[in-house]
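Below you'll find a set of structures to go through.
Here chain A shows up in two complexes: once beside chain B, once beside chain C.
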Partner chain A sequence: MTSDANPAGRSGAVRTMHLKENLAGLALVAAPLGLLLVLILLPTVSMVWNTFQVPVEGGTVTGIARYQAFFADSYSVANLRYTLIWTLISCVTALAISLGISLYLRFSEGRIATMIHALSLFPLFVPAIIISYALVRFLGPNGLLQLLLEQVGITGYRTPYLTPIGPFIGFVWENIPLPVLVITAGLSQVSDHAIEAARDLGAGAWRILFEILLPQVHRSLLIAFALIFLGVIGAYTVPYLLGPPAPEMMGVFMQRTLGNLQRPDEAQVQAVILMVLSSIVGGFYIATMLRGEVGRK
Partner chain B sequence: MLNRRNFIISTAAMPLVLGTRAYAQDTRTLQVFIDGDTNISNWWNDIIKPAFEAANPGYTFNVTITRGVGDGNGTIAQRALAAMQSGTDPQVDYFEEYNPEDLEGSIEAGLWTAVSTDNVPNLSMINPAAIDIPVRLPYRGSQVLIAYDSAKVETAPRTFADIVAWAKANPGRFTYGRPDKGGSGSNFVIRAIHEGNGRDPSLFTRENFAQPQADEMLQKGWDILLDLHPYTFGEGTYPAGNTPALQLLAQGAVDMIPAWSDQAIQAINQGVLPETTKLVQLQDLALCGGFAYSSIPSNATDLDGALKLANFMLTPEMQTSCVREIGGFPGIDWSYLPAELKDEYIDVIPVSIPTFPSGDWQTAKNDGWYRVVATNIVRD
Partner chain C sequence: MKARRKKLPVGGIAILLAMSLAMVGPILSVIIWAFAVKWRYPNLLPTEWGLKYWRIMLGRDTVIEPILTSLALTSVATTMAALICWPAAYAFARLQFPGRQLFLFSFIAANAVPKFALFVSIAVVFLNLNLVGTFWGVVVVQMLSAVLFMIWIPTAAFRSIPPALEEAGFDLGASHLRVFVMITLPQALPALAASYVLAFVSILFEVDSALLIGAPQITTMPLLLLSLSAQVIVQEAAVLCVMIWVPCFALLLLTRRFMSSKGIAQGFGA
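Take a look at the complex of A and B:
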């Protein structure tokens, strides 16, 4: 769309037209871009700036004392570590399950496959609060699962409700649909010919998976990973209702610091730390997307 | 399209419309704002409204529910303050529950009507424990009680020590909610702090919070709760709120919890909790509770009507309804209520209603609990 693309010597009228198109395009995105600037970017920048303002007698100085305070507090660090560990565990598990479902869908046809596809997308339409309460009823003490197990003679069930496993199950359940959508789309681009050729040459199922399929969908996997990670790391409802009181996921901790303890300054520091972690993964996501764009051109 | 014929008709109809307006003014409609739970707004719409209309001919009220919208009644209070400053109609006569202290500067600005026996005669019957600043009207209360399944718990606990003893004898069968997620857990934690400090709530005031002594006083409560910690449900997996705690009791996962009186009574009536569920108040020192305060803006569109409504809410009939319908605690003294009501609720009537200050003490209590009691880290 740049004017360089025009062969030299073209009339000025064409160039003006392009300029007009560009302006029209910019005008179209101006409103959302402006909103983004005013409502998201500006407050974020001012909040980040604020976390580096340390109150001293008679004013403030710029410094990292607030971050030092966060990392010096073993309780806060335990919360951060807990959040990261369980986010990663949940991501990997959800990704593995989604990959399994996607592979099945790639190679299967018919009514059952369609049903499984529909079923795997179902969590997309269930709000977190509903699934949380449903899981309490299902996995909770004297819940459906325990009753079923006892029917077949298995006793000694210990509920995952209010332990780290509770939110983990919730996260995995919630984070199946989007990765399935992304990975199935990726897998559908792998040509049948490539797989058949490999098969003809005697490649086994694992070899096809690792040498033909995965290399071609690694981009989809990265995108899916980023989507799950960003959703889980800042989660609130699921860990709040299903998780243990302490350690807390950062989303819950942040809300409590702001809402209950009314310490907005500390909550801001927590938010910035979470934002930095998210933006690392977000950066991966954008880099992957951009590489794809360039590759396609 | 407006042609001549329609124009004539509409102008001709105008006096009619105006006439209806004038007529409508004979029945005065008060604007009541509620941001409490459904049990409160249903009670106002289904029971109070017809009773108020019958007792005060020519008056009715319209309930607007602000629950979960913006800051609830706080937003409406801000609007009323803005209306006062600009001399316009605040479009509100009565806040079912709003604490004027929450809107900074509004009391000084004169936004709230001071109530006394002069303008609300029934205030003479008020429970002395509820008397507070004059710009808010204590008209109902809730208290935290101990709810237990009488099929599993043989003798009802009457003291805090009874609860601890029972919990230790029945590991995993008692729990309480996280203190920042709901009043039932919060007031149980406060009760433990009171227990550790000679059961003297007067040691805690809004003004006396000072760091080293406060930590020491709170630690006495933490010691008691830490002692209880391994015997609670899931060895210290406290449910995240009033409802999750009730849910554990309903599922038979635990046999004893602290619970709000109104929520527990409704749950029993609705069959959510088993019929064998009983409620009891501790007699050595009650668990804290609190009054719900109504407030009336001084620029209310119909101030007289709002005061009439306030007075009506303090009649023994409405106060009885508060106990019966929503499991609340009366704002007026029990001695003005029917004797049989008192007999029926004798187990839950506290000797006194202890309170715990808001502000720094609450914050220190909640954060301290997370850092000291809830963590499963072994401390030496």
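Take a look at the complex of A and C:
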């Protein structure tokens, strides 16, 4: 891609140049890579190691007692289950809504489509803490939504604030832009001719969707799913501000265990369990991208 | 498709209305609250407007200090991240060296680690090193968040500069440094600035690092917001939100001009 295109014949000088380039390249990337190593790899490895050290009289032994304790505690397990279920529901909903918006945008033009596109990207500019607080004010009891509904004569509003629906709405809200970005990019690669040709051959809307459009965005959808999942499963601010006091999402649970209860050992076990669960999706994300990188060459 | 007859796009208008309500409604209610002096149920809008709560908030040391702390932390972390990441981005885009693809990839792969769980592990390590509750402890963790923005966007920016321009500079006898300063840097600058702003804003509002590494000694603006949001007086948190977010929103809008949607998507490997 870059200086490999040197003409042959200057081999000696070129080799020294290459060596210099190699060293310069490695030196320039060393610092940020070192940061990843020191702040991701080392703490993770040390944390996993710690969780298998079980205190006994006069020292520690290696064992799984801490994990047994976690899974024997019904409240911990309930939190884990709650986290997984609502993470999945939020991911799927965000993707479904984004897919709907992207499909609409693919087949529309004009001012309305431009405005819808802009609105769908708006959450990119709104940090989690701002939208969480804003949703408290908007969805909460006597909030703007309730006031608006009552203006048009709809009474009996029951707020989702402090129920599992609260953080769910927050997660979906936050996670519309990324899938819209990647799906619209994918859909724009399908030519109008291909769709018209399919239509002329008698294909219905669903067939066009499943056999022409979705295959184009298949990979983007998977990557978006993984990224949303990884963001939501470890979220703190959204469930802390919008969710019920119990059960807790794992982020809130870990923070309380570490910060309020001062039990770093238990917090580490919770964190490792969360990491292991995420690594299934994370590994899949990495594999999908590696395949893409190879495919791109 | 273009041949279709024009009719009133009912579906489009319905989607637009629903999305306006969902996307703008929450933020709008915070903005109204920030300028409301009296807003009691069941009035649709405040019965008394004013800047009363702005004066109250701006007159408090307990408000100003966390804001200054946040600005200091974020500036230091983002600048240090830029200093180590931008040269690395240049290397990824322009130089050949062993492990280049693997290293570059490891910066995307870092997205695959759930951040909060990772911060728990860092907090435990820092606890043993007495770094919890210190300025530099928070800075180092915030740098990690910045790195993820500051490798990908700048690498893409350096790559998009046609090498022919630089080669022309070399052919005219310019040194490496001169070519970099005179040709490469000016072209990459808008994207570099955009990556700086993106990282800056995302760190400024980051709750997780401050909560797990900084608290309780270090109180940042997001932590203040978190504690204010539980207060009975709604306006306090609303004022803080509007005061900090609106300038950031304007900054982010500026950067959008220098970054394509595709560029953002690529940063996530999508």
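Miscellaneous remarks
One rule holds for everything that comes next: the second predicted complex is superposed on the first by the 272 of 297 C-alpha atoms of A that agree within 3 Å, B and C clash if a C-alpha of one lies under 4 Å from a C-alpha of the other, contacts with A are read in each partner's own complex, and residues count from 1 in each chain.
Keep in mind that, in the parts below, contacts are C-beta pairs under 8 Å (C-beta built on N, C-alpha and C of every residue); 3 or more make two chains touch, one makes a residue touch a chain.
Please read these numbers as outputs of a predicted model, since none were measured by experiment.
On the superposed chain A, the two partners chain B and chain C do not both fit; they clash.
By the touch criterion defined above, A:Val136 reaches both chain B and chain C. Contacts of A:Leu103 after superposition: neither chain B nor chain C is touched. In the superposition on chain A, A:Val54 makes contact with neither chain B nor chain C.
In the overlay built on the shared chain, the residue A:Gly251 is in contact with chain C alone; chain B does not reach it. Looking at the shared chain after the overlay, A:Ala65 reaches neither chain B nor chain C. Look at A:Leu261: by the touch rule set out above, it reaches chain B but stays clear of chain C.
Looking at the shared chain after the overlay, A:Leu241 reaches both chain B and chain C. Looking at the shared chain after the overlay, A:Glu196 reaches chain C, while chain B stays out of its contact range. Between chain B and chain C, C contacts the larger number of chain A residues.
Clashing C-alpha atoms with chain B appear in a single stretch of chain C, chosen from 163-171, 181-189 or 217-225: 217-225. The intersection of chain A residues touching chain B with those touching chain C, taken from the two complexes, comprises 136, 142-143, 240-241. Against chain C, the residues of chain A that register as touching in their complex are 2-4, 18, 21-26, 28-29, 31-33, 35-36, 39-40, 42-44, 46-47, 50, 101, 104, 107-108, 110, 112-113, 115-116, 119-139, 142-145, 147-148, 150-151, 173, 178, 181-182, 184-185, 192, 196, 220, 223-224, 226-227, 230, 233-237, 240-241, 250-251, 254-255, 258-259, 264, 267-268, 270-272, 274-275, 278-279, 281-283, 285-286, 289-290, 292-293. Contacts from chain C toward chain A in the complex involve residues 1, 9, 11-13, 15-16, 19-30, 32-33, 41-44, 81, 84-85, 87-88, 90-92, 94-101, 103, 105-118, 120-125, 127, 140-141, 143-144, 147, 150-151, 163, 201-202, 204-208, 211-212, 215, 222, 225-226, 229, 234, 237-238, 241, 245, 248-249, 252-253, 261-262, 264-265, 268-270. Within the complex, the chain B residues that touch chain A are 178, 180, 233-234, 236-240, 244, 247-248, 251-253, 363, 366-367, 370-371, 374-377.
Within the complex formed with chain B, the chain A residues making contact are 75, 78, 136, 140-143, 159, 161-163, 240-241, 244-248, 256, 260-262.
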